[in-house]
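Each in structure tokens, the structures are laid out below.
One chain, chain A, appears in both complexes that follow, with chain B as partner in the first and chain C in the second.
Right, the complex of A and B next:
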């Protein structure tokens, strides 16, 4: 009967639904279109979509060794980052997945290195990866084994009882090359694949659980009687405060942008209800009036879109002014955001993090004179430099600025941290 | 609705007729769209001579990309693209792009081309679509020049709800509010007026208001206002996004002469509501962006909107089009990779495509520069559009103009406002291009033309572009207002006119409102007789009548199709459909016959003398003279004959571009003579014409008139002597 639920327009859910039935490349292109058209936006949605599509790449693509897989992920990652360069989490997830593959692969190598003779780690240079299967030497049958055996094959055969002849293992036979390679031919692509897939699933779970985990720290930061200022609270911030409000009474000042788009229903109605039911007070203030309140405020809580390695935070537009005001008055600024938002990205100029959106948020397009005569610019996100932030709360707990490097070191592989995802992909 | 749910299992019930509700529902989870990729208009000339409008670059991205992206964005699955002119280019483009059905990244499950070579209007496309029976349910009808970022989900749901409540709700138009004041993105010249019932959102009436109208009123049927609230809205941008049921196609088929989706179809269906019972609704949105680049002025406005981010996410920075690498630099300038701007140059509010180089001390503002452009030093480009691969040499100035691909602007050339420099035109150094000049390498029919050094300089390539159909078009046809890059009523002298001036416009000198050479227009003499007012004005669908009528007649005269019997029928229906006036009929008949005669005179193989040409055109085809008598002249009163003679004179005067004035005069004399011989015109008529002030105007009109002196004298003599059917005046030729 009728149209698909929620209309025809594609979004994150529709994208995830179609992932399984589409070829990988089509999914990647579909995601790129959705990112470009901003039909998937917001850091959490972007992160989940990226992780899911990379999972498909790992699961469905034909890759025969780790380097090829890494190259493939890098290529797809670059395309995705190019599609929405302002959303840092896309790059984060790509680098997380790359790190994951390297970790799994090196675990493998360690296993192999422990048991196998030295020759076992020499393999083909990547350039010969495309050798067609037919041309490669057939894996030796057991009967022929005696005369044909090499230590390598022997090892593979013995170490893996479920040994399935695959192009990757057989092509090693033809290799006379001693080119050293960082990652060995995995003896079992299947095993590596399933480990990587599990790893990506864990990343997705982590992203989904961020809000829940962060709200556990609410009690530590919010005290009875506090005056808390929030700016267009994201779901993370909302849940953080709701949790605190279930136990304590405090006052929340919600700063709302004076926007031209007249949304009649209050987007924070349920949030407000949750807070007041616990006895807390909620005050709505327009962005312009916030300075007057700042002297009463104890803490400012901001939801991050992304956190850079230097401690700078990408926030919704309007929040930077609040952070600056809080700094002037010596108030505490707390930034909430999952670990997946902490980016190893080291781009220096802040402009790169900032995206300009449609001016229609502030000026109605129907106002012909304004449209014709006045240049209206609407920034989607702003950059808050690290000096304005006191504490970062992630799903792993609270961190100071200096601590962020530790998080990055824990979650990303060194090789990927400096990998430039912004390189040219389209050539 | 519940019934429909049950029917879902029977999704394969294809046997049902498509206009039955059961079949309509069968594939509703798949959204279909029909994209019209031919406009049947000449508003983008000279660019559209070589390339279809939908492939012209807007902000360095072909227009059709925006349209297809809009469809993909709204979850459309199946697309049918209707092509007419340049279909091979469109097909090749789509085939090579990511939209190709064979491409893995194509978001559509199917994309089909439908070619209708002999289609002459959008109406022909939609009638063809009705025959094909490929539309199963609601579909979205868009044009290939649409730029929009709105979500259709709301409108689709509302449309569906209405259709389920009442099966006669057949169409929903998606319109964007744009305020009462002036707005760059509203169309100039033609203001759509929608009479809408605000509660039911039903459209009750549709008119188009033009500056040519005398009264500026919309005439409403009293029934429209019965027991309903009604709002008259002229503040809407109509991007012609329609959500239709297959019933709409059936309506198109029923009215075989509808051509335009708005002026004909919408107007007609609403007017005949009591007959067809169909209801058309509107969905007025006040968020998002939607507009059609339906003419160069809109192209200009939409480019500016895209640059200012109104069409977000369709901004250069979002790089919607694969392969683009735009990034925002300071000063609201979007640059692709490998752009070189010399340090001394200033660029602001502009778009610069890949590999473009800009020399020292140049300034570029509010402009779009394509890929691989070479721009020299000390160049100034303001409010302009420079397409891929153009070269602009040192010291040149380009103001509010379009330089198409591979165009070359020489050193110190000054291109004034509103100029259109088509593909490959080259201007040699120090040329001065007059405002609103159209230069092209090809003529309107696609033939190469020889360069005109007086316009493009001694080394230049290109000639003035000129479409003769513009001359024939009525001057109260509002579409001429949309043919230039810059909207202007200045040359038209409308504001100062009295009630009767509209009829004057019909007989004004031809160059008067011609956007090509407004500077050449001579001041109009406005000493018209007020009794001359005709009823030509106001009818919105009037515009197409003249060219259609002339083309139809020409076909018959050439003997390529039909005969006068059937042509007369067609002519009458055309006239009724367009509500054309007697004056328009006369003009059409006169123009067609004169044009055919000129064709014979200019024929390459055996050119005919004017006398023979006149004779042949009026006698060679059976029924020609009767046709002229009945349709052209009408009721044989002296006034009618005078008017017709005047129309013939006018047509001859217009044709002075194709032949010398003397020859045109000879032709006029021969035509009149011949018509006298054939009893089409009587003595009184011709003499009445001779006395008529209007024929004595300066310029061509007087030029062609001179030659008839002999004929008139002979007629007068014959009158006195009451004798002789002597033909000796032919010797005067």
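Right, the complex of A and C next:
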């Protein structure tokens, strides 16, 4: 999938290296071009790049109050989303950062109002996601967080009655409090800045820890003797299965990318080795229609590119057919993806999530009769509707479709959830 | 560049098919030298063509087999002290059949036709002179090809073409020669203006040939190399046109792997799935899932990877089966078999 040669093509690491030495605007423009050229691709890379570039905006831009900062982040966010509108995580991270700024700012206000010592206990849960979720403490802590967080979101809903989502307005008077200004002039911009920067760093850490945390749930879902089908497994999925294989034996059917099948070396060689060393069986499946295997398959595990608020999943092209086949045969479909992939985006049109790629994947440009006369399509990413998914496993544990709203409420500020990052840049 | 003696083709690597698929059949390349000495040269060549999938479609394999058997019968002489009716099948036909089956598992139509041929041989009156008997058998084969293959294809092509209306969008999968003929018939003979979406199996990409042949006849074609975005591609389609490798007695369709996935998605969108199938491809057997009968692709399967050639689509995903004896609901496929038995 990646660039064929090492070469000089910039990628995520090179981009991150250049961040410090460049002016913010140049970094933003650089990232936009990298996203447009798909030189940074994959949800994790896009998420990290977005978080890092926003961190630069916070750290280096001159802003005098919160509203100005929020406006700036929204502007940059829109540009990034416009560069790769299919990668929902970019918008997710932008909205997370916006929420982070709002939380830190209102915390500031509370501090002044209550005259409580700085750094005291906060009432808002801005960093639930950073609580390391250990397997042992998972069930109680999750339940606790769930109810707690939900009551919080209910509270903000009630205290915010005339909230109207408006893409351009960033400083509306939505809060029912008597404060004349949305966020009071922070006496200490510097303190807020460092708080926000720390918060963004935590988001990046969270993203980087996702695979490690998700794999902790592998034992629960993979049983001895299972036949598991995976579609072009991402690193998240590979680590999930590898963890399970360290304890039990099962069979993994890997649906490979057909365009890579002529390459003699197995793209999943190390993954295969890790599984087979524990006694599990791994078979590469060289088919695009997978219904043929479904009577044998127990579970399908798909890696998500993004998960929408309604439970739909953006997946690599080809995975939707597997999910459909699994549902017809009554097999379990488990979707893996970090919480950062759960998007408040609620677009309902499936077409909006279909991403088209180069038609040269299967048709040679030298083939004149095909190129000249036939309309060639190649889908890169597609959409799996929530009816086809049984369970979502994130770094916070397993969720049902109905619980995804809770995750969104925990991680995003209501004011940002409906902010339309997809609107044309208006300024 | 290696010098020295030309290296002998390495013997087939020992395949370790995962146990859950080990019951399925697979084509093998048998060196001609290892074939039974009784195998006729025409059959030898045919076996190689089948093993390499040069001849692939069920109906093509059937026709080639029958024509080869005609040559076998033609060159046959009954040894003294034997009768043709009792000698030909076990001593001459069976070695040919065994060899062909070893090269590639027989398709259902070949099984049907060979059962018919053996019956014809057994019916030969011992008193009929050998040359007359041979002429009778070869004539019988010709009629069989004419009725069950050539005429059947013609009737099905016309019936399928009639289903296509102006501004239809027909979606098909891979390349099937009868689907191709039906589409071209609808365009050239019936003068319909419609477009075609070709979805393809990226592992054999025969759909590209279909796309080219159709555009050459002035049909607008959209091509998608795999089943990615299947739901999206189907939205534009007005009907699905595929051909069956075989139809089972319970109305299930045996067709190239991927057909079932398309039929499922089509069913969800309420798009009709039309199956073209000559009655010779109907088998009295029943498949409950895709792993009851299937074939493993010898080219792309190894100890580490596997590719199934077919899948089985349950009747609930299919709308109509067009055969030369009429268009029926998939569940009425057994009726076609009964009709055939009655007519014989």
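As a convention for this text, the second predicted complex is superposed on the first by the 347 of 427 C-alpha atoms of A that agree within 3 Å, B and C clash if a C-alpha of one lies under 4 Å from a C-alpha of the other, contacts with A are read in each partner's own complex, and residues count from 1 in each chain.
Here is the rule we use: a contact is a pair of C-beta atoms (placed from the backbone, for glycine too) under 8 Å apart; a residue touches a chain by one contact, two chains touch by 3 or more.
What you see is a predicted model; the values in this text were computed from it and never measured.
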Clash or fit (per the criteria above) of chain B with chain C on chain A: fit
Chain B versus chain C as contact partner of A:9, first or second or both or neither: first
First, second, both or neither for A:369, with chain B first and chain C second: both
Chain B versus chain C as contact partner of A:59, first or second or both or neither: neither
Chain B versus chain C as contact partner of A:378, first or second or both or neither: both
Touching partner for A:82 - first (chain B), second (chain C), both, neither: first
Touching partner for A:30 - first (chain B), second (chain C), both, neither: first
Contacts of A:292 with chain B and chain C, given as first, second, both or neither: second
Shortest CA-CA distance between chain B and chain C [superposed frame, angstrom]: 9
Intersection of chain A interface sets (partners chain B, chain C): 261, 351, 367, 369, 375-378
Contact footprint of chain C on chain A as seen in their complex: 227, 251, 256, 258-259, 261, 266, 272, 281-296, 317-318, 320-321, 324-325, 328, 350-351, 354, 361-363, 367, 369-370, 373-380, 382-383
Interfacial residue positions of chain C with respect to chain A in the complex: 18, 20, 200-203, 205, 208, 211-212, 215-216, 220-233, 257-262, 264-265, 268, 289-291, 294, 297, 300-301, 304-308, 310-313
Residues of chain A defined as touching chain B within the complex: 1-4, 6-10, 14, 23, 25-26, 29-30, 32-33, 36-39, 82-83, 261, 351, 355-360, 364-369, 371-372, 375-378, 424, 426
Sites on chain B touched by chain A in the complex: 1, 4-5, 7-8, 25, 28-29, 31, 69, 72-76, 98, 104-105, 107, 151-154, 156-157, 160, 176-179, 181-186, 235, 286-289, 305, 308-313, 315, 317-320, 322-323, 325, 328, 332, 337, 349
